[in-house]
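In this document, chain identifiers A, B, C and D correspond to the written order of the chains, with residue numbering beginning at 1 in each.
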Amino acid sequence: MDASNYIPADVKPHDGQFRAGRHYFACRVYYEDTDFSGIVYHAAYLKFMERARSDMLYQLGMDQRAAFEAGDGAYAVADLHIKYIAPARFQDNLLVISGVKRLRKASVEIEQTIIRGNEKIVSAVVQAAFLTPAGRPRRQPEPWTKAFAAVMVEAVDTKPDE
Amino acid sequence: MDASNYIPADVKPHDGQFRAGRHYFACRVYYEDTDFSGIVYHAAYLKFMERARSDMLYQLGMDQRAAFEAGDGAYAVADLHIKYIAPARFQDNLLVISGVKRLRKASVEIEQTIIRGNEKIVSAVVQAAFLTPAGRPRRQPEPWTKAFAAVMVEAVDTKPDE
Amino acid sequence: MDASNYIPADVKPHDGQFRAGRHYFACRVYYEDTDFSGIVYHAAYLKFMERARSDMLYQLGMDQRAAFEAGDGAYAVADLHIKYIAPARFQDNLLVISGVKRLRKASVEIEQTIIRGNEKIVSAVVQAAFLTPAGRPRRQPEPWTKAFAAVMVEAVDTKPDE
Amino acid sequence: MDASNYIPADVKPHDGQFRAGRHYFACRVYYEDTDFSGIVYHAAYLKFMERARSDMLYQLGMDQRAAFEAGDGAYAVADLHIKYIAPARFQDNLLVISGVKRLRKASVEIEQTIIRGNEKIVSAVVQAAFLTPAGRPRRQPEPWTKAFAAVMVEAVDTKPDE
């Protein structure tokens, strides 16, 4: 099999999407995500939620890899509270819904819910801090806080009665 | 945030695709896949390849979860040989290309290559055995071997000069 | 290399230990636990804490595997709140300290701290629910609640002024 | 719970051991290592083997973290062939046996077997290449090749009839 023979240009990784200030990211449960008790391993949801957050930043034009390689820093989770409501299983299609809840100079708080169809699987609040390569809190790049602020405003504007 | 407010029907997990007997599955590198040395952790590629194989079966109409829950069995990797050619990094878009190489009654051999653009990242040969819940080799369900055989034939027919 | 030639009887997996109602479990950080930003990936701490909880049960004589195989059920995390205080890095020696905080019929709340030397790395509160194979809450086996209760009492007795 | 109250000095992470040129490293199977089919997930064995290799280097006095932080480089797996012989399950005690098989300037080949009691679980051959931070092959530090050579000689000397 020579991989270089033919490369389909239209088979691309999943991209999440913003709708009215909320970010939607889909994932499917694979072997790696489950444990012998038959359900998704509790730490696997943190991976799903991190993929969604990274995608959210990606969609907002923030290049985490470039920021890290330039020596600016990277996000690290500072606080995470997760409630496991119903178990997910192998082959399930999940949707991670994320919203920026609070924005500080050096950190951002993101609310995340994972659903399967209409059913809530987990809900979480995650605080991510921007850290220098040495591990100290650093003010997030200004274009990033602006991008976060924009989706917060949008969420408030379109869902005024929440 | 009430997740049930609005659920976009069009944000769905990535589905791989068959083209002329080869299966193409895309994935993006996230934090979880990397290690402190800056590149993708070597075992993470096994996860990418397993996702691709599970998707391949899914696209061929084989329901692994139903087979397991019915007590029929599940696939387990019996032999795996992987060559690491070039390192992948955070945020890279990868494409897993898989082809059925050999088909036996109780096992299947799948050739897998992971590329980034035109560059080969890893290449592997994986033998997966179908096992009873007790762990003994079992003949694969007949519709499954037929489905595997169909994509093998197609691959040969359309790429005769390889 | 013939593995059966010689098997040293004294090279055994790490066992945690109870001291005055607290459980101590050590682990070292490996490649798999880190990410490209150079520190331990946030979900890896959940694995360390789960190893410690499983070891705790093991030391208390609870056989989770036997309970699962007998169809009784298994624990699943219901709620988890974790604070990331300082980052850990490759090759660090960590110590997970766990204490039973609250005991209910179908669940147990465990407080867990991870330290490196004298430095606190993370602190967490984890609620684990005992579930039937079908995923419904079930009363924990009576010998298990007794074993949990015993270490709670001991912790109170020996540290009365906390 | 104040973690700093009491820290037992004798609860330490597992250290592997060399005996006659072979390295022995123990590990126990936890939830994280298993999948819904009830057995250890195939990629988890790569983690066990990597922990054993890192411990092997650690026992031989090679400080991978210092080498990386000094900008010298890090090991990356270049080739891995693994045979899955029997499945391991939750709570199993495993022993990873490793031996240096071949030593080149910029890479080392290590043979690894995982056993449970007298039973072989997997056997593998792993080639690890030393790479610069930029990802190019680099000659391993001389004290490291000497340390590897020493355990190879010892293995040959003490087991001449293999």
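The rule is simple: contacts are C-beta pairs under 8 Å (C-beta built on N, C-alpha and C of every residue); 3 or more make two chains touch, one makes a residue touch a chain.
Just so you know, these numbers come straight off a predicted model, no measurement behind them.
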item: Pair joined by the larger number of C-beta contacts - A-D, A-C; value: A-C
item: Remotest chain, subunit D as reference, centres from CA atoms; value: A
item: Averaged-CA centre spacing for the pair subunit D and subunit C, given as whole angstrom; value: 24
item: Centroid spacing, where centroids are CA-atom means, of subunit A and subunit D in whole angstrom; value: 33
item: Length of the line joining the C-alpha centres of subunit A and subunit C, rounded to whole Å; value: 27
item: For subunit D, residues contacting two or more additional chains; value: 31-32, 36-39, 43, 47, 50, 68, 89-90
item: In the complex with subunit A, residue positions of subunit B that touch it; value: 1-8, 11-14, 16-17, 19-20, 22, 24-28, 30-32, 47, 50-51, 54, 58, 63-65, 68, 89-91, 93-95, 97, 99, 111, 113, 115, 118, 120, 123, 159, 162
item: Subunit A residues within the subunit C interface of the complex; value: 36-39, 42-43, 46-47, 50, 68, 74, 76-84, 86-87, 131, 133, 135
item: Subunit C to subunit B touching residues, read off their complex; value: 31-32, 34-39, 41, 43, 89-90
